[in-house]
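Here is the structure we will look at, set down as structure tokens.
The first chain written gets the first letter, and so on, giving A, B, C, D, E and F; residue counts start at 1 in each chain.
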Amino acid sequence: MGIHQYFRSLSDLENIYRCPGKFKYQEHSVAEHSFKVTQVAQFLGNVEEQAGQAVNWRALYEKALNHDYPELFIGDIKTPVKYATSELREMLSEVEETMTRNFIDNEIPTEFQAIYHVLLKEGKDDTLEGRILAVADKVDLLYESFGEIQKGNPEPTFTKIYSEALETIYQFREMNCVQYFLREILPDLLAEKGIEKTDLPALTTEIKARVLKEDN
Amino acid sequence: MGIHQYFRSLSDLENIYRCPGKFKYQEHSVAEHSFKVTQVAQFLGNVEEQAGQAVNWRALYEKALNHDYPELFIGDIKTPVKYATSELREMLSEVEETMTRNFIDNEIPTEFQAIYHVLLKEGKDDTLEGRILAVADKVDLLYESFGEIQKGNPEPTFTKIYSEALETIYQFREMNCVQYFLREILPDLLAEKGIEKTDLPALTTEIKARVLKEDN
Amino acid sequence: MGIHQYFRSLSDLENIYRCPGKFKYQEHSVAEHSFKVTQVAQFLGNVEEQAGQAVNWRALYEKALNHDYPELFIGDIKTPVKYATSELREMLSEVEETMTRNFIDNEIPTEFQAIYHVLLKEGKDDTLEGRILAVADKVDLLYESFGEIQKGNPEPTFTKIYSEALETIYQFREMNCVQYFLREILPDLLAEKGIEKTDLPALTTEIKARVLKEDN
Amino acid sequence: MGIHQYFRSLSDLENIYRCPGKFKYQEHSVAEHSFKVTQVAQFLGNVEEQAGQAVNWRALYEKALNHDYPELFIGDIKTPVKYATSELREMLSEVEETMTRNFIDNEIPTEFQAIYHVLLKEGKDDTLEGRILAVADKVDLLYESFGEIQKGNPEPTFTKIYSEALETIYQFREMNCVQYFLREILPDLLAEKGIEKTDLPALTTEIKARVLKEDN
Amino acid sequence: MGIHQYFRSLSDLENIYRCPGKFKYQEHSVAEHSFKVTQVAQFLGNVEEQAGQAVNWRALYEKALNHDYPELFIGDIKTPVKYATSELREMLSEVEETMTRNFIDNEIPTEFQAIYHVLLKEGKDDTLEGRILAVADKVDLLYESFGEIQKGNPEPTFTKIYSEALETIYQFREMNCVQYFLREILPDLLAEKGIEKTDLPALTTEIKARVLKEDN
Amino acid sequence: MGIHQYFRSLSDLENIYRCPGKFKYQEHSVAEHSFKVTQVAQFLGNVEEQAGQAVNWRALYEKALNHDYPELFIGDIKTPVKYATSELREMLSEVEETMTRNFIDNEIPTEFQAIYHVLLKEGKDDTLEGRILAVADKVDLLYESFGEIQKGNPEPTFTKIYSEALETIYQFREMNCVQYFLREILPDLLAEKGIEKTDLPALTTEIKARVLKEDN
């Protein structure tokens, strides 16, 4: 009933923390994650543009900024559920979509409903911008799990998250921005203090080898 | 694979906070809520026993202590979802049960699986102990929402939670322990400092009136 | 030396809290504020577009998303300093700009330096997008201070911030989005629970009256 | 004056943190500890029952759930004092008991006073249930100190706590549940990520050796 | 064994929070309280000096800075115990003193032991400096409880603390610094935002009246 | 406008955290730092006195206690700025001084203004007490950065801070208290658990070697 409810809800995203139920040295709210994903997407978009791709910037920013808004309704529950079945994941996805639709119909003024149905729908489609979002989301997840592992978090979940995020990034390896990431950024990440003593170098090499094998 | 995973998971319940996405002055972990519900159930059980009811104490403690363990799998997402449709609620309930079953089958040693299938199943059945749990769960929810309202939390969610909790308690008004609660405890709650300036006295009176009307 | 440093620095913005040195019920990191400002700017941009204005969306998102990145270098110190002299404010602004320039020259890869010099420069210029940013920044500040006052924060600073933010918004009252804000959103804000007992209604009326007088 | 005070005090146990004065990566409230101890006791009770022992479940749950309630009165101060003299420890224990007695006499309704004098008295007696509580309390303490050491806490106190907890558990090594713990759980604990680089394997071996020697 | 242990222990005082077991909007560590008491004592000492009293500044700073160091050993447990009997309070005081003595004998290098036996002994004696410390300690306690009441904390403990602190300050009303406090500072405190709606004005007037009556 | 504002501002120093924008395992407020620096200065003063130096204790305590009060005005921003140019540092220092002067003139009662102009001015002059303050400030900074490195903080900033702090301490190596620190305390620090695996032993040796070389 008015955009005021929407503005207030932004603050609720400051109160939802990612990966609940696991000890973390540093918490990340959904609002903070959304900020970082949009920043990363902005950089990746610039890489694509420099490589000659036409970027629809409005679409890119919209997708990145709003991609986790629907977590408002059911929270960040995907991580643990992910290790269950794909059927469960789908059920939850449906719940989320229905609740988002209801929210827009009830809270957003009529003249803006069409806009918000677009803004808040799942953004990870096959367009260049949808793929940049998919990569940016995983890059931030990679940094978040990396940060925990580097600080000494013994929770195996973070190693799983790192692997899964890196594997997803590799799936987009035909993209210029992913090639840039793998060539310029990942090595800097692995050169960080203390990483040589963790599982990450071996894990990274193994994932890379698996991908190269697929490519041949 | 082994009860060690179960012991470790208890600590994860210290990292899941109730009612995510809403500003709170005081956070309550699922572990803390479980402790308080068991304490409240212990008291309510004693009221029933003094009133001549036979309490199966083992069943009561089991139900109260373990009632929210499955939140480990999908977090405390019921509150916002509750205001959606009952179909959604059911879907989530199913997800939770499946994940609990999988967890027991994968992590609990074979000789204890049967026990944990009983311990972790939904405890709010029609037995005396199941009804005491239903009441105790709502009493703690009432105290939690009361605490926020008393401290000045302007979030309307807490008023909704208070109402809904009190209404559920009233549904069990034929029980001795609920009669004790309504007669001896609720007035003390409403006599707390600063409550006279909140919606709670009117709300409580209104709920009571509605119930009395139903009774006639 | 490499964009990795930039990605890491995004996480530092999660560790800088706004308005340091004042008790707050709810903290807001610079990362969270940036997310909310971009969300608000996105909405205000849509209002302008519906009113027939041509919005440069890329510019708008860039300005909003990056507008507080330079706080990385000197933190959020403007609030208290603001009540000092304009000379001091200018000196600090210069420090910030120099440090931003140095950071780009030292840390950002050569081929992206020109881009980041644009992204990280002061965005509040006279373009439509610069003015939307100025308004969006104040809208979030208004909500943050409002949130503290509504929760009962006795610190006079938050009343000052509310006033100053609202006055700045009024300065842009020829804009469609500001007219929408004043007409549709501000009344909803003031209709929030408990606000009638605070200074805010009187303060808001007084600011409005002062502005109307100026207009005549 | 009324059970309302008792219910309110449960929330105070959420505000008392264990082992004050030492840096910890993860805090544990007395409420959370009580929940975990009761969960552990529940499991250990099942081990005993499977081994043919008759468990008084009501007594076991009562002892575990309430065993640290009296920390409400003087806080969790035993840890540092423990390394002082036994005379000091006894004095504090007396203070605690007197305050618990006074609390019951002043706050609990007359008809429940006898019950609470039983519920809140020291539960670690020579019964099977008292011994299970003694073990369960130390198992949770072991997990808490283990968690800190695994996360990299350099504070020597946690190594002392781990040793002392394990030694106490060994003192009950004639119990089925302790044999289960030593055979099935402790090895899983020591197989956790990163533990091989800590003092814990050597420490554990040394304690075991010392005990075996005593047994011969 | 070496002053390094003493320096490390200062950081432990950052991990001990005052008034444990009560919900607070703002926590105060023992280290922070000690800083504030020393600042207040510094001001009160200047008032006395301006009024012609000879202040032994070294003694004053020593007393104020170190007055709560012994809380390292048993924590901040006095508040709840205070409302028990004086016998209990004395027992705890003895425990604290013994532990302080032991700490100095074991950890402080021989050549500094005599100094630290003086620094860490109870400082609230009948000297001017001892009395200034007694007042400064209560002034900070008054501000701490005032802060909670002003922010809306419904916990009755803070009203008790405020009363008790003010009454103790009045006991030293023959001192120049207390007269200054009552004349110049207390009215400013009571003129703070929102205080007129709390119990504090009536409470303050009542305490003052009681004292004046005693004086006649 | 009354010393009440000054007393209130002490609490603001509890809300300013040192080294903002960097992840830390343990936060230190400016109030806590001030307490620890005063404690360290107290010890170093005793070392000097035992070595036959005349210590002006009032000056020493004043300098140590108040040395970071002006951070109230612009926050703890020096760390990152320090790695910029000395010109920038100077500009900020000027801002801080002007704001301190203004605060005293506006808020402190006339009869105490002269006193507070002395108390709040930069204390690190060439007197014995000014030099003890300079050392004590760096000793606490050394302990703070040491604490992060020991706990596993991978942020390179803390190694830079440790180095810089130790180098500054060495600059005062003609002082008795610094010789005591280097001979008795620093080895204990480096003998702490886990330090042998960090950069600190090599770094310390290197700094020492560099200094000895300068001395020849």
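One rule holds in what follows: a residue touches a chain if its C-beta (ideal position, glycine included) is under 8 Å from a C-beta of that chain, and two chains touch if they have at least 3 such contacts.
Quick caveat, the model's predicted, so the values are computed rather than measured.
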Chains touching both chain A and chain F, listed by label: C, D
Copy-to-copy rotation for chain A and chain C - C-alpha atoms, rounded to a multiple of 5°: 180
Furthest chain, CA centroid comparison against chain B: F
Distance from chain F to chain B - Cα centre to Cα centre, in angstrom: 50
Computed distance of Cα centres, chain E from chain D, in Å: 34
Chain B-chain D separation of Cα centroids, rounded to whole Å: 25
Inter-centroid spacing, chain F versus chain D (mean Cα positions, whole Å): 41
Residue list for chain D, restricted to those that touch at least two other chains: 11, 13, 23, 25-26, 147, 152
Pairwise chain contacts under the document criterion: A-B, A-C, A-D, A-F, B-C, B-D, B-E, C-E, C-F, D-E, D-F, E-F
Residues of chain F that touch chain A when the two form their complex: 23, 25, 152-154, 156
Partner chain C, residues of chain E touching it in the complex: 25-26, 147, 150-152, 192-194
Parts of chain A lying in touch with chain B, wherever the complex brings them together: 11-13, 15-17, 20-24, 72-77, 80-81, 84-85, 88, 91-92, 94-95, 98-99, 102
Touching residues on chain B, where the partner in the complex is chain D: 2-8, 10-11, 13-14, 26, 28-29, 31-32, 34-36, 38-40, 42-43, 46, 50, 57-58, 61-62, 65-66, 109, 111-112, 115, 119, 139, 143, 147, 184-185, 188-189
